[in-house]
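Each of the next two complexes has subunit A plus one more chain, namely subunit B in the first and subunit C in the second.
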Partner chain A sequence: MRLSQTLFKHHLGRMIKKHWVVQGLKRPTIMYSEQNLEQHGIRVVDAKDVVNPKIEREWINIEVPWKTEPKRNNTHPDWHDRICLTFGDTELLVEGTSQAQLLLKTILFQNELPERIENLAKDQSKEVNDLVVRAIRTSNIFDAHQELLPKKKDPARPAYVFPRELGLTDLRKTNNLTQKFLRLCDLLSDSTVFKNRNIIHDSRVSVPFEKDEDLYQFTSKMETMLTSTLPLQPLKSKNDLIDRELPNMFPMHHSVGLNRSNIYQIQDLYPVDAKSNWLNAHTIFICYDVDIKNVTELPVTQDQIISRAIVKAFATAASCAKQRFGTSVKELPEPVTVQCVQSNGKWFQFLVYQLNTLNLDGTEGIRNFCWTTSQIDLFDEAGYNIGRPVLKGYNPEVFKKIYAFYNNS
Partner chain B sequence: MSAGVLFRRVILVGTQILHSSVLKLPSGHSLQLGRSLWRHVEVPKPGVAGKSYRRIVHFPKEYTVKPLEVTNLAGRDPVTGRVVAKGIGGGIKHKYHWIAWKRDGPTDVGVKPKEEKVLEVFQDGCRTAFVALVGTGRDLKYILATENMKPGDVIRTSCAIPRNPVRPAEGDAYPLGALPMGTQVHCVEKYPGAGGCLIHAAGTFGTLMRRDGNDRVILRMPSKREFSLHQNCMATVGRLSNVIHGSTPIGSAQRNRELGNRPRSGLWQRKTGRHGRKIRPPPPVRKFDHNTRSSQSVAPIRLSLNV
Partner chain C sequence: MTRMSLVRIKTRFCRGFDSSVGHIVRNYSVPASSEKHEKKAPQYPPIQDQFFKERRRRTYEKWHEDIKSIKTVEEKLFKINVPRYYGWKSLMMHEYQIPYNSLDQAQYITRTHLVKDMKLPSYYETLLGSDQLDHIVQEIRSQVEDAIAFEYIDRKREGILSENEFENRFLIDSTMAEAVVRQVNRILLANLSSKYSHLLETQVDYNSRLEAFWVVGGIDPTYQVQKCKENVPYLKKYANDPVDRHIQYKGKPIAQLRYDFPLHEFISLSESENPALTVPQYTLDPRTLGYSHEWQHGTSIPGFWPGDKSEFGGLSYHNCSYLTIRPKEYNDEIDALSTQSLLASYAWLLSQACYQGFSTFNDLTYPLVTQTIITNGQTWSFSAYQLNTTVVHSDHVNNNPRRNVCWITKPLKLFEKVENGKLVGFNEDVLRYIVSFYANAPQERVGINMKPYLGETENVVADIEDPERRAWLEKHYKHLVSNRPRHRLRPEIYAWQKIYMIDNKRRPMEKRREPWQFNINMGRRRLDDHTPEYIPKALRPGGPKSRKKWANTYYP
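Our next item is the complex of A and B:
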């Protein structure tokens, strides 16, 4: 015989419990007994406090042997009362080029490069073009490296899961192409040009500046940076086009969409020492990767991609100017020019930025200049088609422009 | 069974009970015992206070246009873990776009309305109407897109009620008292300053019918019910986007699964009134007032039995 049967005999289980649930919902009548007792001078104490009296325990701070992240509030060591607007590597400007123009007080010449560079861009011989095609093959097709590529999604069939692909990332393709093209430029150029150039990999710049009483800090990472012993000559007089109007962004402010934070470190970074022979930034090569997206995660526009290159070229030119003329410089003794090549391993976009002033307040006075091309495809298709390597539609224009950029001085 | 055996068994059981109580066996032991026991669990009803038990959105402290992460609930109450709403589960996970329900503008009649620019209109997986990204000053925000809204449009917002009704354009937000009668509106506030909460579904709109006293306006809802709202309640002008949503069939059972609905049968239920009401006179005008809202009943004291 089980003992539990005897023990549960009086216990009706579910019925009793349900009964308590239903009866527990009854609203107790307020008898004001507490007040009455207090009137008679009898102290009323909560029964729970008598049964389970509160134990006051001393708070002991234990120092942990590992490092903990400081809280992101005003006790953070990097906290400042002044808000800083920052622009990093994976961000984009909401309004694209018009915002970049207003923010950096820049006049933009779209779909054109300065005449001096256009004159330097000459047709290359067949041998050179063959070498360029070979460079494309080695970096985009025959590179044996394999990495997990980002997930694919088809907006028309959102539930469909594509097989996960392994292959070459855009970053790797771009870096390989850049290295090979620069090597080719070294070989083809005159020694007077070649000996004045130097290549720096994975360099960082950081440039804080003020505009209209706001504090900004732009940071940028360049996959490859070409420096030179002599600075690039200005392409236009800095007093030109002084009365041309900048675009209007009303009703938005030119800082719309930028990161606003109280936690930041103000630092002037430039990858080359001020005493170095190779102080002058000549050309920067930046990669447009899949990581770069809008904060809203909406599709990125061509205009935004161009504006990203403008901001990066400005950041490099400004930090170079600060390294050359001192960190507090506003009106530059001479313009600082930087060339920029943006690519994703398939298309290339060329940009020349002439920094005339670091006084970015308002929209009047001396402005900076920027020339930019649209995206030019290096090829139509490079990859494998049913197991066979395919390269279709090679465009010699791209290397022509890179060579012209390299030889510009 | 002899008396001796019975005695021994009782002693044995007694020592077991003793052991379990004195030696404090691991709690898993008692959990196992409790599994078969009935326990009353208070489970909420779906649809109360706007909760559908479809997903939780992880809202940060400050407003952001960054699409927010969600946790899909599959019809379960996150407190008890019990299924509350049947027929929900699975589907494509969508990030949530936090709509700025409050439209702020100047409160003075003499001041020009605040202007905002529409930057993009796009589909949002968590709602039926399209969403618009708008920018003004240094800020970006999302609002519900109207029928003809397109990137580049400038929309205006004012909280002032002038003597004569304003001439609003689509997408503008004004207090109900400032709009002419007959205007189509959506995203209407129930109480002034509470944020637009009425009329959010694709292609819907309410119509301003007539004034109700000095400071109230009667609004006809898409369901043809009439609500009396305070004239300071903000409303956005126009009809909501994605008008064809209501007349678009889901298409297939698989598409219904993609939308996060589970298979079901027996859709037709005679008594629910789901497929149309009886022809009765319309219900009386419902009045939304701060006074009626605050007089909520006090929750009763709960007694419980711990077994």
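Our next item is the complex of A and C:
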């Protein structure tokens, strides 16, 4: 029996109710005794006041031994008068890439990767592709995890409730694929390359910065992060394309849709110590989950998904730069480059970010660069179809690009 | 032969006669004389013991034979669960909850002999020459040292762990264990894959799902069971007989390495029948140790669904950070580690054996082997396990000649401490153990039928030709093993009902609604005892007017 269940199976409620009904129908007879007594000069006092006189007690504040959540107002210990605009793991930029470009003073090269990486992406042998196919089958079909999947909704009939499914979440699939692909890269690459790389799981970066007199703080959690002993070489000179115009978002401001709050902690976080050999962020692997939605409930656009990766790559590059050159650095002595792979376990999106400056004021001066591809499907279908495990339409392009990213130095 | 009634007499007029007077029968077409009078020896069926216990044993045996004859893995695992709609009342064993003094019990329920000399089998000495081993260890030592130092010193976890969590030794230890295992596994695989081809194709799973279900006999009956039996005349003499318990194990390995072929056996099956391999007796109710029961369907899952090519385990890493919060007064670290590794190895091998067509009722025809490492990042213990038998139900738990064998080492420290950004007192012996575990190559067992109890063409549900049956089995098997709670709770006798309806009959006029009022034992409800899925008229295969109202079910 559930403890929370209140049971009135065996009770006399009906009797008691009836009793009250019967008693409630009685009319008290008015005897005028109070008036009569007062006429005779006898004071009438309520018997309750004589029996239970009111006692005034002092209010004692007791300090509880457990921590209570402070109120979210100006008494909060993290309260600041200055508003901070934050971007976390479950948020999206309203205006997508154009907002990211303005916010981060970045020139975007869409649907292309730098030439050096394209040259590294070579066709893999049949044996390697077989191993990749096997990795996909193991991670997306045969993994026996069963977790609650997100609720399904049909926009045509929004009130319809689908049965809640159990299976592999996008996060689990992405993590499986990432670790299997990185293992293959470890095996296929030269031993010196392998020794220069290190894999970090579950890390977080946080980078506060100022732009046009506003305070911003971007935080990002990476499921997997590849670090290297040597920093990635810049892909373009930082003084290039100084006169290229950034997109115009007028009448929107570049901070539109960001979370504004007075309660925040300014933190510079980077998952690796400054003295470490494997200090430099090389590639970050992030997962795009279905739970990441617009606050406005509008459908998420591809442009917004790309902009999310841009912001995360920027946050990683900026915190790496601060770790390398000091937290107050504005003009970087040398550009910091970070690669980013975003996936939901089916499609992959590749991005390279070159951070040239942390001086993000205005739209003039040195700009940062970013190259992205669109979403590339790893396969058309992977899962059980009428009781049979099926993998259809494997695309070798994805692993080629991951291998090129891994070997880029 | 034709039978015909010539006269019909009402029986009530013939009270005084024999009861056969009802029909007068005349047989026609009977030959006057048969040509041959051969005297054949009559063929009688074997005389069977008709006592209750023997009849019940035969019923169970038939059920076990039925499970054996099923062709696919999923259906076999399904069949074990069919007798119970609300699941088996199972003893829940979670990997990181190891009660005090539970080693004997763990050995008894898995029929495992634990080798006492705290050494691995001699097989490992012949596996690699000492020169070769030293060479490999020297090659990777600096890499491993650097990687572990990186995890302990250079890696910053602010933002992932909160301030309170940094003070939680248990959480810190398990985080470090996972991080170190990932680093060590990565370095070993990358360095050894060129030398050992089996490592190239191995599948590495992190945080995979490990579950195993088996039945153990020989447990003392509880007071209630004894009393129940004493109240039934024909059960009275069996009141003190030992009973079976269903056991459900749930593990959380950090990482598992799987191969296409099994590892080489340490001892042969005939050697496992040696009576010198002693197994302690522990027949007390497992609840005396602190375990508890839950109703759930028995699940055996070695981390992947049936059908994956790499179906033999090679090596699994487990976490021992629970030792930090274990009361110091227990002082039984080695026993706890032995119990953990023994149960984890048995559970993994049993679930692998289930995927080969064996089960807790159908015994192995060849041994299976696995290797287990338990660590918290700094302290490492290594164990090897050989599964020779899976049958421990009813009296097999004492009479089965085969025993499983477990070898385990003492916990060894990989390094003494971390000082000035470096590891102090790095122990190469630990690395030697790790390397020899990775170098232990799986081999194809030539001449042995690996799946004797599975179909020749149908091994798993995906091989079934009929699409409807295949899809039904796939969907319902996954639903079963997810152990999702049922929409309606399991009916029971509530406390108020016991007081006011059974013990004191205060509500005699009330309508009877509960199953127990009709003498229905809901604990005995079968899995297939439900209304089948309704097919709406518009979706009926024979058109809306067809009588096919209920969808097919394919319970094995």
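Heads up, the rule we're going with is that the second predicted complex is superposed on the first by the 350 of 409 C-alpha atoms of A that agree within 3 Å, B and C clash if a C-alpha of one lies under 4 Å from a C-alpha of the other, contacts with A are read in each partner's own complex, and residues count from 1 in each chain.
One rule holds for everything that comes next: a residue touches a chain if its C-beta (ideal position, glycine included) is under 8 Å from a C-beta of that chain, and two chains touch if they have at least 3 such contacts.
Values in this document were obtained by computation on a predicted structure and should not be read as measured data.
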> Once the shared chain is lined up, is A:H80 touching subunit B (first), subunit C (second), both, or neither of them?
Replying inline: neither
>> Quick one: is A:L25 in contact with subunit B, with subunit C, with both, or with neither? Answer first, second, both or neither.
In response: first
> Does the superposition put A:T219 against subunit B (first), subunit C (second), both, or neither?
Replying inline: second
>> Applying the document's definition of touching, compare subunit B and subunit C: which contacts more of subunit A?
In response: C
> Touching A:R116 in the superposition: subunit B (first), subunit C (second), both, neither?
Replying inline: neither
>> Once chain A of both complexes is superposed, is A:K293 in touch with subunit B (first), subunit C (second), both, or neither?
In response: neither
> Which of the two partners, first being subunit B and second being subunit C, lies in contact with A:K236: first, second, both, or neither?
Replying inline: neither
> Which residues of subunit C touch subunit A in the complex?
Replying inline: 143, 146-147, 150, 153-160, 178-179, 182-183, 186, 189-191, 193, 200-201, 203-206, 208-209, 301, 303-305, 307-310, 421, 461-462, 464, 467, 470-475, 478, 481-482, 484, 489, 492, 494-497, 500, 506-507
> If you look only at subunit A, which of its residues touch subunit C in the complex?
Replying inline: 1-2, 7, 9-10, 131, 134, 137-138, 141-146, 166, 175-176, 179-180, 183, 186-187, 191, 194-195, 198-206, 219, 221, 267, 269-273, 275-278, 384, 386-389
> In the complex formed with subunit B, which residues of subunit A make contact?
Replying inline: 3, 13-14, 16-18, 20-21, 23-28, 94-95, 158-159, 250-253, 255-257, 260, 295-298
> What residues on subunit B touch subunit A, complex-wise?
Replying inline: 10, 13, 37-40, 65-67, 92, 95, 114-117, 119-120, 122, 133, 135-140, 154, 254, 258, 300-305, 307
